[in-house]
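Letters A, B, C and D mark the chains as written, and numbering starts fresh at 1 in each.
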Amino acid sequence: MPDRTLRVAMVGRGFMGAAHSQGWRTAPRFFDLPAHVEMAVVVGRDEAGTAAAADKYGWQEASTDWRATIARDDIDIVDVCVPGDLHSEVSIAALQAGKHVLCEKPLANTVAEAEAMVAAADAAAAHGVKAMVGFTYRRVPAVQLARQLVAAGDLGEIREARAVYLQDWLSDPEAPMTWRLDKSAAGSGALGDLGAHIVDMVQFLTGELVSRVAGTVRTFTTERPLLTSNVGLSGTASTTERGQVTVDDAALFLAELGGGGVATFEATRVAPGRKNGLKVELNGTKGSLVFDLEDLNVLSYYDASDGAEAGFRRILVTEPTHPYVGAWWPPGHMLGYEHGFSHQVVDLVTAICKDEQPTPTFADGLSVQRVLDAVERSSADGARWTDVGSA
Amino acid sequence: MPDRTLRVAMVGRGFMGAAHSQGWRTAPRFFDLPAHVEMAVVVGRDEAGTAAAADKYGWQEASTDWRATIARDDIDIVDVCVPGDLHSEVSIAALQAGKHVLCEKPLANTVAEAEAMVAAADAAAAHGVKAMVGFTYRRVPAVQLARQLVAAGDLGEIREARAVYLQDWLSDPEAPMTWRLDKSAAGSGALGDLGAHIVDMVQFLTGELVSRVAGTVRTFTTERPLLTSNVGLSGTASTTERGQVTVDDAALFLAELGGGGVATFEATRVAPGRKNGLKVELNGTKGSLVFDLEDLNVLSYYDASDGAEAGFRRILVTEPTHPYVGAWWPPGHMLGYEHGFSHQVVDLVTAICKDEQPTPTFADGLSVQRVLDAVERSSADGARWTDVGSA
Amino acid sequence: MPDRTLRVAMVGRGFMGAAHSQGWRTAPRFFDLPAHVEMAVVVGRDEAGTAAAADKYGWQEASTDWRATIARDDIDIVDVCVPGDLHSEVSIAALQAGKHVLCEKPLANTVAEAEAMVAAADAAAAHGVKAMVGFTYRRVPAVQLARQLVAAGDLGEIREARAVYLQDWLSDPEAPMTWRLDKSAAGSGALGDLGAHIVDMVQFLTGELVSRVAGTVRTFTTERPLLTSNVGLSGTASTTERGQVTVDDAALFLAELGGGGVATFEATRVAPGRKNGLKVELNGTKGSLVFDLEDLNVLSYYDASDGAEAGFRRILVTEPTHPYVGAWWPPGHMLGYEHGFSHQVVDLVTAICKDEQPTPTFADGLSVQRVLDAVERSSADGARWTDVGSA
Amino acid sequence: MPDRTLRVAMVGRGFMGAAHSQGWRTAPRFFDLPAHVEMAVVVGRDEAGTAAAADKYGWQEASTDWRATIARDDIDIVDVCVPGDLHSEVSIAALQAGKHVLCEKPLANTVAEAEAMVAAADAAAAHGVKAMVGFTYRRVPAVQLARQLVAAGDLGEIREARAVYLQDWLSDPEAPMTWRLDKSAAGSGALGDLGAHIVDMVQFLTGELVSRVAGTVRTFTTERPLLTSNVGLSGTASTTERGQVTVDDAALFLAELGGGGVATFEATRVAPGRKNGLKVELNGTKGSLVFDLEDLNVLSYYDASDGAEAGFRRILVTEPTHPYVGAWWPPGHMLGYEHGFSHQVVDLVTAICKDEQPTPTFADGLSVQRVLDAVERSSADGARWTDVGSA
């Protein structure tokens, strides 16, 4: 058993709170962590709901005061799972209080907020305090294997990438209005929610940054029935009242990569039959890779040097030699969506204990935010090439 | 919060112990169980290892005495995860002690043991004590949906089934000897380990029993290098000493189903590239179904009534309306191998609290055992049709 | 242009006549044949229909007298496309008349007929006359590539094969009676029609013969409405009269291969959604292969030596370096069902001109017939292992 | 037998000449055409090569003078298979000579040429003379079925389309220079060659025109070794001399459709493993469709109204009820690349005999050309939205 103990406070208790809780709860059961992890406090807005969440998800205490929680001496890590408009405030406060921070993606709703967060992370880093942003899809074993192949040069130079993230829950024009369709609450629509994932994925896999974009955002259905009751992500529609949709249904953009390659990106919520369809393909001078989140235990790899017997290899990334897999089950025993949250815990706790910088960094999160911002600027400027820019 | 508390003792702490622990630990975090579940005691052979397992997997206590544990008044459920040759002894003792029993598959290594277990379960049932066997693949949502379609008559009469369970860890003739290749320890090879799953799957999906079989079992590699150290399911081979393989590498059999249909079954450990390749197809008079464990969130369904637009539908079984799914993640967020163990906990605890018979029953497990036994008898009798028989 | 001319007479003008005509007509347009081929005579039963067929398919003359046609001095090759019960009579007569013979599969309806044909072929061979049986699926480029990989030892020793040929046109119990369901006309049902293909495929790919079988044949629907008019392979059903089905709907059997491996075979016409579903998988000690006729430009190949990046390679067998492909289109331009008939012409004409034995030989066809016969014997004998036997 | 005879002259004898010849030769063998078709004259540059082509492909005569051939009274149809820079001259001359014209895609190398061709087609139409452009992928049965579903409203309003055409023969930077990489000969690179196909495909399937585009074209390898000898589409590279590549390797663009939807397009020759990877997906308000040319007998269709059993249906478009299929083989017997050329002959000859306008028209071809032109203009203008424009 490790000597060190790290006590965690999680702020937020929605869908992401459930997923993060599963990560904190499960990681120590399968991996040998360098520290003992304690699920100390969950923080929410209302007292009863937060108490219930603490009980349900397995946190020792519930609180409705995130500032007081952050100030506690017995808290080492703050896990930020609140909506995006609160990411910067909570994260910066936590870093300033000397707590390690894990912040859900996207890093922030605006570039300015993200920049402030990076500044706070840099300042905190000088004192050994770590900050990390939660792009958990990086931690799918197949994605890690893909990155290893690219980093080893097995694909040669990257010429093209095509990345889509397709969902369908808004394809019906009568699907009801929710807070996710209100810009003041959600920041943006498919662009920020789904686009952030595929931008990070391409930047991570290629090891290159997007340098400029040309794109457009669209809202196909501008008015929707108001919600009368919540059911899952959606709910029951009102038959009489309608609300104004103020975010995008879809975002499409072209991009240039730092290494000279080009890419297409598409994020949408109106593609019937596509439930969580994040799919990325990379084409290099020596080979290609395909990853599909709806088939997440598989990596498809084309090695041009295979000659007359070349073909996309359907690699089942479930061998003990594959990243993260050895801690779980035997070959062919599938992992699911939530396993990335355990891997995130492993990597964060390891980095803290080794006093190393965990990735993705806040700077990585900022770079994604800048791309999304450039897409909106390009869309407003006739789809013209728009520089992503940097600090 | 439920009033009732059920305290569990798990006997065994290997691969299945890890999987069952994950089920006990996770189910209450996602489902609203009718009872509070406590992971009370884990039982193993050696003191240090069992203590470590208790800590790792989250059990309150460790014990090396399963009889004493079973005798405790504060234990309600005994979860039997020991090797097959101990299933009957532990299960029967637990049932006689008035404990509800969950026994891992296969129910037993012999028909006689399985019959004794069914008798014990029947006797216990008279006192409200429940017994269930752990064919967890039944609890994959896609499998449940398949069963619903068959039960609703959407496939019509079942004419044919073909079921394979393919693995590859013994395809290399120099893969080392392990206890799994020793009949005295393992009972049988691919037949009992993998064949049991596909027999149960076909019987469950069709709602019909296998009535007779014609089959053969094979051992391709009869001598293998002895193991010098354990690594995962396999290990490091000795260069000098070799041991005798006394179980089958593969089992192939034809079968008749109670409803008049026929089936082919194949279980093997020597199919390169097939890692956990359980695949079942059913053909009825009105449609077909395909399930593949290596793509477990999907059910393929052909509805002949779709006419000119008929085609196998690749149903992503991740909608809130699908069995078990509503408790987990939004559509398209994949479940993995281990989720079946949580579903098993849900169903067992629910049945106990409702005083209903959980399924699969010990009788279901016995029916599988009888099929496997008939395959071995048929194999020894020139592959002749051999009745499965019944009590 | 080649000096030599080979003039062909085709006996039969049904589905196979159309397919063979397409082969004779097309092969010289893409391949450089060593002889000029002339489509001289088509022979059918009725005068008008045969004249129309000659015109439609591009034969110079029509005849209703196959004996007279075979006797003509200006005919070099006789292409036998009549129903199976006439194969032996026409083929033997043609061989005795000194004509090269291409006979459609299956070689004959009985082993005795097939043996007589082999004897005739042997006698003719002494005079340089060639005989070949038309298992055209051997000539799909992906199948040839598969054979090359096996022959080169890339799969190691073959341990298991599983082969199915699934169709669905009889899955509806009210699908009408046709001559194909009458044993006196058709010989057998799925066994001879579909089973012959998969037996030949496994024997060809492995280079091994089936040595014994254990199997069963089934007829699920024993009475069907009589046909009132012909439409395609099926027709319009009568509402009042019903006929007796005297052939099998499905045949399932286990097999042993000459090299020590085992196999499962299944041929059926009652699998909804499976249209022409011939699928074969081979598992060797070093790798695996999968071929699927419904995706016929693809070969899936698992090379265990690919290590951590191993996965089934989806090889698109459309490169100029692949068998037969160089004569057709650029990479990725798909070939279809009928191309095998052109390849068959190429191989037969080449063998004749080089005075070499074309394959598959009549002996190959006989070996398939013996397997089918053994399956029927085993089925009648309680599925017992039944030797295939040899001359 | 039809009374009418249509005599065809084909100008050009390369890859497309071979494909068109196969269409003219084969269509009458499977379809009942309303006219007898004669393959009268093939026209090429050099006498010997053209004579050989006539013999090989089955044309009655060879000529090196296209003007003289067009002037012949006994020619009814001129089939234009020359390189794109000659399309307008030959087509216009043929139309003015009163011949029906089938012109290979793309219609022309420039918008101006295409406009002149449309004017000539319009003038000729007044005299009953037909003009048609050869986008044969429209005539794949699965594509026709897709169009039928969209036209019937089964997809609802089209919201998004994504279309790629991926090849890999230039992914190796040392692949040699050919005339296809020289702008003066080829007009453009991937954009015109591959992009034309996907633009036509999306416009055909949706029944909508692209109204504006925002795009970019790229050349990754600007110098390549000179070709020393021709081998297939490529050849042997020189080790010393290098030539300048003056066309694009890849073109990527966003588009708006006439009905309010948006689309992404990508055409590239540098995607390893993608051989002829034309893939199109349409998302409507009620469903989605996917077509993949590397699996061309299949249409994937998602019908949102299938409810809990909804999933992409893998429709094997090989039923007699499917477009064109009834003339060929039984269900599940695959068609290939070249069958579209027979279907094209059927549709052209039928339209001529019925005195109807065949499609795609020259105006359809012009609309594609305008899109490609707009992409080049957008690329030169910072990827800005650029109107496609119309006459």
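In this text, a residue touches a chain if its C-beta (ideal position, glycine included) is under 8 Å from a C-beta of that chain, and two chains touch if they have at least 3 such contacts.
Please read all numbers here as calculations on a predicted model, not as lab measurements.
Participant: Identify the chain pair with more contacting C-beta pairs: A-C or A-B.
Facilitator: Pair with more contacting C-beta pairs, A-C versus A-B: A-B.
Participant: If I average the CA coordinates per chain, which chain comes out farthest from subunit B?
Facilitator: D
Participant: Can you compute the centre-to-centre distance for subunit A and subunit C, using the mean CA position of each chain? Integer Å is fine.
Facilitator: Averaging C-alpha atoms per chain gives centres 54 Å apart.
Participant: If you average the CA atoms of subunit A and of subunit D, how many Å lie between those two points?
Facilitator: 42
Participant: Indicate the whole-number Å distance between the mean C-alpha point of subunit A and the mean C-alpha point of subunit B.
Facilitator: So the centre of subunit A lies 35 Å away from the centre of subunit B.
Participant: For subunit A, which residues are shared contacts with two or more other chains?
Facilitator: Each of 274, 310-312, 316 in subunit A touches at least two other chains.
Participant: Quick check on the complex: what are the subunit D residues that touch subunit B?
Facilitator: Interface residues on the subunit D side: 145, 149, 298-301, 303, 306, 308-316, 319, 321-322.
Participant: Taking the touch rule as given, give the residues of subunit D at its contact with subunit C in the complex, in rising order.
Facilitator: By the definition above, subunit D touches subunit C via 1, 15, 18-19, 21-22, 25-26, 29-30, 55-58, 167, 169, 232-233, 274-277, 293-297, 316, 318, 320, 326, 329-339.
Participant: Using the touch rule from the top, collect the residues of subunit A that touch subunit D in their complex.
Facilitator: Contact set of subunit A toward subunit D: 159-160, 162, 164, 166, 168, 171-173, 214-216, 218, 220, 249-250, 252-254, 260, 262, 264, 266, 268, 270-274, 281, 283-288, 302, 304, 310-312, 382-385.
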